[in-house]
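Listed below are the structures to be examined.
Heads up, the next two complexes both have subunit A, just with different partners, subunit B and then subunit C.
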Partner chain A sequence: MLAYHIRIAWKSLKRNPILSALIVLGIALGIGVSTTFVTSHHVMSRDPIPEKSSVLYYVEMDNWDPERGFSDEDPKAAPNQVTYRDATALMKSTIPAHQSAMYKSYLYVFPDPKVGRPYRGRVRLCFADFFPMFDVPFRYGVGWDRSADRTPDPVVVLSHETNEKLFGGINSLGRSVRIESREFKVIGVLEPWRPAPKFYDPHNGAYEEGDELFIPFNFVRPMEIRTGGNTSGWKDSGETFEDQLQSENIWIQMWVQLDSERQKQDYKQFLDSYVRGQQALGRMQRPLNNKLLPVMEWLDDQGAVPEEATSFVIISLLFLLVCSLNLIGILLGKFLARAPEIGVRRALGASRTAIFLQHIVECEVIAVIGGVIGVLLSILGLELVSRLFDGMFSLRLDWLMVAAAIGLAMLSGLVAGAYPAWRICSLAPAAYLKEQ
Partner chain B sequence: MLKMDKVNKVYRTDMVETHALNNFDIEVGTGEFVSVMGPSGCGKTTFLNIAGLLDTFDGGTYSLDGADVSRLSDGEMSRIRNEKIGFIFQTFNLIPDLNVVDNVDVPLRYRKVTRQERKRAIEEALMTVGLTSRAKHYPSQLSGGQQQRVAIARALVGKPKLILADEPTGNLDTMMAREILDLLETINRESTTIIMVTHDPELAARARRQIHLLDGRLIDLQADHVVPLYRARKSFPASV
Partner chain C sequence: MEFGPIFRTLRRNKTRFTLITLEIALTLAIVGNCVNMIVDYRTRILRPTGMDEGNLLAVVSQPFSPDFREKGYLENSRQADLRLLRALPGVRAAESISSIPLSGSGSSTGIKPLGAKTDTLATAYFECGPQITKALGVRLIEGRDFQESDVTEAEERNVLITKTFATALFPDGKAVGKQLQGRTAEHPSTIIGVIERMHGSWPGWEHIERVALRPDRPGSVNWGVRFMVRAAPGHSTRLVKTIEAEMVKANNGRNVEVKLLSDIKNDTYKAQVAMIQMLSALTGLLILVTALGIVGITAFSVAERTKQIGTRRALGARKHDIVRYFLVENWLISTIGLVLGTGFAYALNYGLVTLVEGAKLDARLVVVGVVLLWIVSLGAALGPVLRATRISPASATRTV
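So, the complex of A and B:
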């Protein structure tokens, strides 16, 4: 019977192709717009490192003003970065499988004069564990080892784009790059790698361009490298660079990899005892508020998905609803115009249910055609959104989103068609038999 | 086959009540060919609609094929229409998008019949009406007489016990009308009950029994209880 209803629906669509095209276009526009924004939101809110997100934790601890919490809106919130003092103390733990304190800075990079002029590069200062902890993919070489963290060794890992820029994309291992006044030896070149959102540092531009160079964290002191990211503080931080390092200003991100529940508990205990020790020294006078946030919770906490993306999803779904509601009138007119035919079908034995189903199937056929065209429109829409974000996202429809779009289209068809189908099946057949 | 006992049908508007059927009684036996005549507005079509379970009624009882069908659900009425009743209309009421085969196929689509059974039944019905060669034609490609024969094939295809024909020759010329009556007579000979509404006395006379309706009541010319008023009027063709 379903095949019969589909065939009848197809004939009905062909009977009035212009009207049918308008109805299909209504659904297609609604689906195209909503799928574009739902997909964008889906991509932005998905797990950026699914293979490891269950063992990666962002560390928070509360060093804030005893009189006033870090956030006025959320009294339970802990500061979202840590101080230099705390970061270096935490790095002494031997519990995590991997751990890295990190921050971003802007430093002058001096390419070969034949290649280009000096420029301010986006540099991430981090520990050796950064690379294995985040499964950072290498094209040439590897990251530095932990001994290079301690010295620190003047070594640098280049992003794929920076290697293109400085060395034309060749294997540049062993070559030298001058950063500020020091020469750094290239020991690794990354594959193209641009996690979106930049989960390891979302509050310093979750969707901004990625880091260009990576150098050992411990150059912070000898080179007096100030942060290029957000700094927050509640207490006078002094004037000298050393004052900054010893201050309560927070500007460093701290990540740990804890492979088991046991490790997690041990690390939590370590954090608690560290803070208690600091409290005994007169710091951290707020109640104990240490946190180990998993990746997705951390991103959610930081609002990594732009509010605009969520708003656009809501607006686009409302647009789809408006499209569906507009179609109710058109479908009602279309269906009522064939009341005499329905009278004949009823006389020949079609029940109300059969007539209702026939018309719902027709709506669903329209919806599926509209959905398919809508999916094609959304491919164009995603290309536009992708350009808005400078190609950061791979905004491609996956099968899940295609299925969701078609499902949404069918739901719209149901919303648009239910009332007209109910009206036509409720008509008294005898009233229309003489009109045929 | 069909028995109505004191059936009433009232159409109501804000201002007026119209009694389309007024304590209407009728009994039609299996295999009868009954013609129904009467002036416009006398209740012929209302009677046919109620008989075909296409309309409800306000009082009285109606039994069809031995079963009371006075108070049935929509699904039950649809099943009876589909299995026991065939309809033939004045304006043929073929579905323009469907070809001859698909039009004849419509009643079979609403019952559980295999593809092979449907095919065989359609071929048989088209053979009965002599339209096998027009199977793939669309209604617009057929003459009026051919269209009515398709409609008859559609009414026959489900092997109904009762055929209700509402002025089946009303849109046809005399020759075509006679052909259609010949066909209905052939069908009736195979013990299918036929009730036919017509305005044409010549065609009505070919039915084995003629009944007349006036003001929602039955006047059966073969029955003993003919209303005297009708006898007084029956010499005036305009009133028939």
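So, the complex of A and C:
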């Protein structure tokens, strides 16, 4: 029966190809536009590390001005990074499964003069746990181990792109890279890895490019490496590098992996007692405000999804609504024009249900064709949006979005077709037979 | 006019006319809000920055040679660069600055009048050499400009601030000669002059026009040394290459990056430009869809009334009577839709402004949208209606 309905529907579409094309194009445009923007929003608000986001936490504590909180808008907000003093103290904890303080800097990298001039590379200073904690994929070698953190050993992990640039993409393990005035030994090369949003450090834009080189955090002191990210402060921070390290300026991100509720409670207790100890020493005079933020909550706090993305979703769904209204109007006209034919069929014994179903099926055929074309249009749309933003986001459809698009198309077809189909099936056949 | 018959027709075809009314109303709401956003973004991109934007170049010198760590080397190199830049043909002025305006990267600080009990006000601030107003092309409207002697070792400095910031600090408008402090009253600075307008580092920030300039010798080995160069009209593009070549030739222990300030600005506003383009495309597509919808519906209502039209023609109605009938009908429907749509437009705007940030809907845009959609609606109806005039009076009799 379904096959029969589909065949009839196809015939009806072929009878007036221009009109049918217009109807299909209308629904395809609506689906194409809304899928483009819903996908953009979906990509931007997606969990960047789904397999681990339930056990990763961003650490915040309140070391701010006793007289004025960190944020004027939100009195409950804690400073969004930590000081060097606190980061190094927290790293002494043995509770987390993995933990790493980290920050980024721009340091001069000296390639072989035959390869190119010295350039400033985006270097992340972090602990050994950074790699296992964030499931960072390696092409060659591995990250350093915890003993290399302590010394610190002059070892470096290169991003895929940096390995291409410096060594032409070969297995460069054991080779040497000069960063500023020191030689570092390559012990690992990553697969292409660019978490988007850059959840572990979204301070300079959630869609900032990936880090290019990774070296042990403890080079901060011997090499006097200042941050290349954001620094916020409220108190005079002195002149020398050591003054900076001891100051209340915040510029370090602190991440921990806590595998169980028990671990989480223990760590929370550790944090609280650390801050109470600091309060006793005269620091951190604000009320206790320690936070362990899960990945998605942290990203939400940082406004990783641009607000405009939400506006575009609303507008594009309204666009789809207009397309659907359009569809209802046109289908109504199309179906009613066919009233005499339906009159004959009804007179010959076709039931109302059969007529209704036949028209609904016709709408669904239109909707599915429109939906498929709409998905193709949205691939084009996403490509255009990505290009407009100069590759800031990598926007791609996933199967969930394709399914959602076709589902949305079928729903619009159903909603738009129901009324016209009901109207045509409830016509009294006699009136139309008379005129024939 | 045939208002009577038209109203009766509308009443008999309630659904179809409700649909088209709703469609036009929603279209107006969406188009109005999209154009409102476009205008808002454009205004922000095009607002005056106070600087001689079109002729400015930003130069970043990023040292890597260890020589730069030797005492005095960086400062000597900065001064040599300034002499070199100022001597280049086509350069009107050049000065060093701690970060590049409009680049999205810079420093901010909190400042208040000395001794005030209020919270400090946040502002962008730049450390810069004494010829900075000439190098940026900003206009001094009160007090005096920097002199060489303002660059001192003392913590207490003379500063220049923008008019907007001056008004925020001193609502009575008298800022020159007043003293400013940060969080504590240590090392107050003195306002020596007020600049008409200058944009700071972050175009997304609501207080982009709050700027303080502090005389210094900006630059460090880590952060590099930055210069603003103001070219004579027509010379800036050519100077991009010249400056890079000349500066690297003068000292090869560094990388030099030269960009037009207008390019930096475009890059900072990249997202806004992209959104303008997306909104324009959406608006265009939506109007197209609505126009096609009107073509379709009008075509159907003409086809349905073939016999009626034939009868009217047979009874003596001329072609233009038929055209007028359908166009008046169309106009009536679109007007009802547009009245409703004006309400929708404000409702949608209210929703958008509450849910996400955005600008209030400009009433003038609604008027423009109404006129535009009137024209689109009539234009779309015209095709099918003209076809209706080709219905011969004979068709009225054929099927009886």
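Rule of thumb we're sticking to: the second predicted complex is superposed on the first by the 390 of 436 C-alpha atoms of A that agree within 3 Å, B and C clash if a C-alpha of one lies under 4 Å from a C-alpha of the other, contacts with A are read in each partner's own complex, and residues count from 1 in each chain.
By our rule, a contact is a pair of C-beta atoms (placed from the backbone, for glycine too) under 8 Å apart; a residue touches a chain by one contact, two chains touch by 3 or more.
Every value quoted in this text rests on a predicted model; they were computed, and no experiment measured them.
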Task = Give one of first, second, both or neither to describe whether A:Met1 is in contact with subunit B, with subunit C, with both, or with none.
result = first
Ask   = Is A:Gly349 touching the first partner subunit B, the second partner subunit C, both, or neither of them?
value = first
Task = Considering only touches as defined above, state whether A:Lys11 meets subunit B (first), subunit C (second), both or neither.
result = first
First (subunit B), second (subunit C), both or neither touched by A:Tyr207 = neither
Ask   = If you stack the two complexes on chain A, which partner ends up touching A:Ala430: first (subunit B), second (subunit C), both, or neither?
value = first
Ask   = Looking at the overlay, what does A:Trp422 touch: subunit B (first), subunit C (second), both, or neither?
value = neither
Ask   = For A:Glu341, is the partner it touches subunit B (first), subunit C (second), both, or none of the two (neither)?
value = first
Note = Chosen between subunit B and subunit C, the partner touching more subunit A residues is C
Query = First (subunit B), second (subunit C), both or neither: which does A:Val385 touch?
reply = second
Ask   = Once the two structures are fitted together, what part of subunit A is touched by subunit B and by subunit C alike?
value = none
Note = In the complex, the residues of subunit C that touch subunit A are 15-16, 19-20, 22-23, 26-27, 29-30, 33-34, 37, 62, 64, 66, 119, 183-184, 222, 255, 270-271, 273-275, 277-278, 282, 285-286, 289-290, 292-293, 296-297, 299-301, 303-304, 348, 351-352, 355-358, 399
Note = Per the touch rule, the subunit A residues reaching subunit C in their complex are 19, 22, 26, 29-30, 33, 65, 68, 72, 108, 110, 117-120, 181, 226, 234-236, 306-308, 310-312, 314-316, 318-319, 321-323, 325-326, 328-330, 332-334, 336-337, 385, 388-390, 392, 419, 423, 435
Ask   = Can you list the residues on subunit A that touch subunit B in the complex?
value = 1, 4, 11-12, 14-15, 340-341, 343-354, 428-430, 433-434, 436
Task = Would you mind writing out the residues of subunit B in touch with subunit A in their complex?
result = 45, 49, 52, 54-55, 74-75, 78-79, 81-83, 87, 89-93, 95, 97-98, 106-107, 109-111, 154, 158, 166
